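Here come two complexes built around chain A, the first alongside chain B, the second alongside chain C.
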Partner chain A sequence: MLHFYIPDLKLILPEIIITVTALLILMVGSFKKNTYPSFLRRLSHYAIIGFILALGVLVFQHHPGEKWVTFEGQIIQDDYIYFAKILVLSASAGVLAISVPSMLKDQILSFEYPALILLATVGMLLMIGANDFLSLFVGLEMQSLSLYILAALNRDQVASSEAALKYFILGALATTFYLYGVSLGYGFSGTTSFESLVALIRVESVEVLPISLFIALVFIVASFSFKVSAVPFHMWTPDVYQGCPLAITAYIAAAPKVAAMIIFLRLMVIPFMLLYGEWQSIIVFVSLASMILGAFAALRQTDLKRLLAYSTIGQMGYVLMGVAAGNDEGVQSVFVYLTIYLVMIIGTFGCLLCLRGKAFSGVQKIEDLSGISILHPKIAFILAIFMFSLAGIPPLAGFFAKFYVFKAAISAGLFSLAIVGVLTSVVATYYYIKIVKVMYFDDIPMTPSISYGEAIILSPEKIVILNLCAIFILFFFAFPNPVLELAQQAALALPN
Partner chain B sequence: MINMTAFLFYVFSIVLLSAAVFVVSSRNTVHGVLFLILAFFNAAGLFILAHAEFLAMMLIIVYVGAVAVLFLFVVMMLNIQIGEIQFVIRRYSLIGSFVGVILAIELVLMLVNWHTSPGAFDLTVAPIDLQKGIPNTQALGNLLYTHYALIFQAAGLILLIAMVGAIVLTLRHREGVRRQIVGDQFAREVKDCVQLVDIPRTSKG
Partner chain C sequence: MDVLPLLSITIFLPLLGAIAISSSWGSLNDAQANNARWVALWTSLVTLGMSLILLWYYKPATSDFQFEDKFHWMPVLNVSYHVGLDGISLPFVLLSTLLIPICIVASWSSIKKRVPEYMIAFLVLETMLLGMFSALDFILFYFFFEGVLIPMFLIIGIWGGDNRMYAAYKFFLYTLLGSVLMLLAIIYIYFEVGGSDIPLALTTPFDPKVQIWLWLAFFASFAVKIPMWPFHTWLPDAHVEAPTAGSVILAGILLKMGGYGFIRLSIPMFPEASSTFTPLMFTLSVIAIIYTSLVALAQKDMKKLIAYSSVAHMGFVTLGIFSVDPQGLQGAVMQMVSHGLISAALFLCVGVVYDRIHSREIADYGGLVHRMPRYAVVFMVFILASVGLPGTSGFVGEFLVLLGTYKVNTWASTLASLGMVLGAAYALWLYRRVIFGIMINPKLKTVLDLNWREAVVFTPLVAGTLILGIYPMPLLTMMEASVANVIDQFHIVLDPEDGLIDQAKSLQMALHLKRN
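After this line comes the complex of A and B, so read on.
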């Protein structure tokens, strides 16, 4: 008989809380058969309470510097994963809080929306906490499947269905890349555990390793480049961003990107650390290409969501610069960047989500924003802050995100990467500032005759989130220490 | 007497491979699906030869019982034009075979260069020879409910998500659909639905 110890379920309590909340919402939703907006809003509040509860349990259970594994080594937690889980949980809760009123306005009245976001978050938590290629795969699949459904949620719109189908097919392709890579790795090592794989690679010298292991590495890098929408695998991003309802675009841009990037870095630094020379050159290329394409392709965009998609591609290029550095400083800079990125993305989409209403079908083009500085000065001001921050203007937080990444790249000797990064961020500044210009200096269009005065949706939770994001971005330069310390602890938790 | 296992192996393999070729080359798509079912059965036979009875059963139940039947329905409903497909095949045959040849060369190169790490066999979670005397299905069950308990549960959650997705994306509450409500049918009485009307005699007779 196999020896079996009952795993310590206490350790995966946050995941359990979120799963149970999702199941409860599904039960309540399907038994009540009620589609009133107030009911859906209440379910979303349950989901947010679930997130806060899970976050609380996570924070109270964790002691700095502690590391544990459970489920026979398939799930792990240390300072690195702790910080990542905080990011993912707060991002999901934040997006849920800003998105509910506009989902209701869009007539997407399905109670599955909060439940699917919860389930996607469970997938992300499993994925981040994975210490084994199998548990990573299960988490990855759970989050992607929920996201495909979310993308198709507005099923009566052709654009949404088209986006969902593209996302699904290309996402399935990326998953097969991952599986093929993992199966090649298994063929070499007979194990799917990260630690055993690194032990085996250490035993043999790099020259005698079979070529298939390198192919496995390339496949895994390719699939995660797809998930973070880095350049050779970015094609789906603009289409999916444009086609999905704005609230769901906000979710796709926020939490899954962060989760995928964090596990990407972890995969490179733990199982494949000894193949550093091999993967570094790939990631340097991917990072360069993402930064350049993100800066130049966005210049010609007139659609706001497509522009944000290219902006995301560019931002991911900067994060990958930190991954390519691969040292402590690189890991720290990746975390700082991702934290600030999340706040900026939630804030930007939160502002855009405000600008919807009865007479106004929502912001599509950049010109749609003209004149909002007069009609909604507060929203325009907050959106301008986020745009300046995305562009990287000091002293806003976006500047520090880029600063730490460039510093890490220089300390790892990747000068060309840092130089291209600085240059492309100058190019990218153009289109971020163009949005500010349209908001503040363009005339209000006579046609179409929209009364912008009605076109605003605010709710208490949205106001709270927007203010928090704006305060974080404005005052990060004064109080950067909490984030920097957490990021530093996260970096120290990785073996070197 | 020749080795029975080897003989069966070759029979299953030959039928499997030729069925697979017919799946992609047969003109009639329904025949294609039927060949696919033949291929599944032969693959199940190969699994039994490899002492993996559980996988063989699963292949029959899941793939033949559910997936192939689904394919059959889809193929029958879609009514695909054969001429169109042949045009597409002709159009892409050159580039397709080019990519195929490159892939084949790469795979062969990889296999030639293949070696498994010497430490690999100690790391497998459930090597077969450690489990002598236990049937394959039981061994899998032991592993699935202990070592892989979390992954098993998570896979269940994935299936739940898939089910939610299928319902969200396809269920529509249409107006005017007549459903059978058995309770209402039984509760119906003669006086609710039959009305006697006196028709005044207007004709001259």
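After this line comes the complex of A and C, so read on.
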């Protein structure tokens, strides 16, 4: 019963561009059988060009307020999805740009790297644009499988393989949760489409709905809590962050989190909107637990990547506060928070990727950063900005992100959530400013260049991205409106 | 003056200077450092000039906000960039613009490492302070209020003493903990009022039950900032470890943010809650005055002693504010300005000898009068001003506060005046131990008197202390209309039969003062 129209393909042009680029890179890579760093670098440049092209097509094709559904109602686009796609595409391009030289330094010379990032991005775009539980599943699996391979890319290292295996097994478990939930939902409704489901729930009153639907809801919430590494499904995060090569960690922390969070919110506010009271209490709990654990568990970490993992858990707790609000304000806050989070996280990892710690193996411990404010004042300055911003201190962008989520929580009457949120943010500030302390306040060893990161890997791409991120964070207060307006439009696109 | 946004220029001028310094940042040589010093000094002097122009054009007869600038900052949120000055904020703006150049000159030769960063931190701090005192939008207010933390954290942490990490952390986390609760209250008000405009919120009545919570949230922030007993423990640590100029800014301006917040926001916005909590505030203030004075008596470290004396002096401020009486409130503002000058000068005095001997222990000093007569005179002026000797600004502030409080609560006023006696005890004893006596420490034998740069630093402070002490009228006239306005807003809501002074009488008193 499939009948393709040409206009359908035109609408998914960004996805097509990225897929073609990925295939192109795979073809060139496997036929040339060339493992010189310069060759891999060129492939990465192709990938970045692909991203920019896709981004351009996306922006030029989209008209504000427009909405279309295609592929038999499987794929949808509106202002909400448009903003989300911009985020995912820029995040992928940004991470690729900052990571290439360090991948080469880490001797990860596989041409699959840019191709896998492209394929993961296609998965995310599909996931975000899904209008049906099955197309969502396809996208989810596509990005997850690409990420598992990316995590295992450094085959010679035990830690990396171990991390990849953990990620894969737990990820597969989460996916089964999702599938189980969807099947239960199908058993209730006989449909996998978002719109049909919401229509069915609307017909019945909430009291007479079968229990299976609530179980389905819980399973789906659990699986996405896993994807966004929210407590109590966070266990994989510190291990995977620590085990993976730094560049891959950066990618896992950036784009997939955003994509998963956005579709999580979309699921809650579109198909399950009428079960608001049911899912809200679950998400309030998950958000509370994530904020508390993210704040307190990170205090004792000495490993930088584990610290950032707990920091991500905490940050996701704040975003979930916006999800829990579930209203217009909540949607806006999720978008604003995620946008700023992406810039901060790409910037932070970008700085870390520039530095080499002891034995030139990349910074691992927090102490590895001591003295870089003298050796590399600019990198230290930029990293300090990102740390203060992650802590949410004005005048940096992170403050506006926090402000938005607290505003959402209060608008929905979730006062206790907001109070716990601000208190944990103070606790979390401790470890963010600890990094600033290590960089700026600690005395430097007598011969810093021997024991501490002397080498610095910079490339033009990296400099551009780092400067862009820093400028965004520093001067967000002066020009906040483009992001805020996009977020507002995204919120308006949802049926309420 | 309507053509140029004078106030906004004043606020953002220091930031411009900071950008100018950072644009040529990177090479670490002496010329670079000197450049940064001069750019910072000139920027802050021009800012001082701008604030004097504001003073020139300021009309004291009205309680309206003047030099208002308003444009949409985040239209999506209905948040605007709205700044303006009235008689309560202008003194603090002037105080800030006066103290920053003094700080820059004072750290001219004592700061040797990372000079450009140091100057950038001070200029950014100045922008934040000026913005905070003139903000008329809640989000903007909070933005500047908390934005002070980053530069101050770096100033304490990078250029501070041996135990600077602990002090910097404590300062940062303690004050942040207070302010985040205020953020929630601000967001709540934002939804209640339908916008974040402060003048709009000031005229919006809030439900008395909610007021209690909102008041407490603001209290958490301001009480830590001022600081009130028992939230003061961050202050001695921060003062002791901060570099001299950092202590000057901390005592001179940062502490005033709390008092300013109480006057600007807590009293007029939450009159019911404020009057409910007045006994609590009086109790805490009196405890602060007496307890910290006693603690100050026991200190061996000069900076710590002055830090504790600051807490005691700020106790007078909160006493005056919550008397909600024309004299009490004017006295509170007066006391804050005068404390800004005096404590800044006292920390500079400690800095002068610290630069020479590298010790803050009182026991290491003695007999300084023999080697440093000019220093002894300057130090004496400020010690006596701190004691509250008539003829110095310290007297005017404390006297007005006691007068205002006496009308409302005799006990509080009596106990507070007991604190003044204790204040005289620790201050004069400190002076005796440092300046008089026999010179025991051999290091002191070769110590030099004030050099010209230090003399330049002290001159405006001595002048300010004496002028405000002998003829305080200009400052009192400047603020009386605005103070009367705050009191009106407070009393208009509360029942005039409440046992407090009624509105007509308070206006009459304000007018009477003006005729003088």
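Everything below uses one rule, namely that the second predicted complex is superposed on the first by the 477 of 496 C-alpha atoms of A that agree within 3 Å, B and C clash if a C-alpha of one lies under 4 Å from a C-alpha of the other, contacts with A are read in each partner's own complex, and residues count from 1 in each chain.
Throughout what follows, contacts are C-beta pairs under 8 Å (C-beta built on N, C-alpha and C of every residue); 3 or more make two chains touch, one makes a residue touch a chain.
Because the structure is a prediction, the values reported are computed rather than measured.
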In the superposed arrangement, does A:Lys378 touch chain B (first), chain C (second), both or neither? second
Just chain B (first), just chain C (second), both, or neither: which does A:Leu145 touch? first
Just checking: does A:Gln157 make contact with chain B only, chain C only, both, or neither of them? Give me first, second, both or neither. neither
When the two structures are overlaid on chain A, which partner does A:Ala115 contact: first (chain B), second (chain C), both, or neither? first
Quick one: is A:Asn327 in contact with chain B, with chain C, with both, or with neither? Answer first, second, both or neither. neither
Which partner does A:Pro210 reach: the first (chain B), the second (chain C), both, or neither? first
Partner touching more residues of chain A, chain B vs chain C, is chain B
What residues on chain A touch chain B, complex-wise? 1-2, 4, 7, 12, 19, 26, 71-72, 74-75, 110, 112, 115-116, 119, 122, 126, 134-135, 138-139, 141-142, 145-146, 148-149, 152-153, 155, 187-191, 193, 196, 199-200, 203-204, 210-212, 215
Which positions of chain A touch chain C when the two form their complex? 377-378, 388, 393-395, 399, 403, 406-407, 410-411, 415, 418-419, 422-423, 425-426, 429-430, 433, 436-437, 440-441, 477, 480-481, 484-485, 487-488
Under the stated contact criterion, what part of chain B meets chain A in this complex? 109-110, 113-126, 142-143, 146-151, 154-155, 157-158, 160-162, 164-165, 168-169
In the complex, chain C touches chain A at residues 25-26, 73-77, 128, 139, 142-144, 146-147, 149-150, 153-154, 157-158, 164-165, 168-169, 172-173, 176-177, 180-181, 183-184, 187-188, 190-191
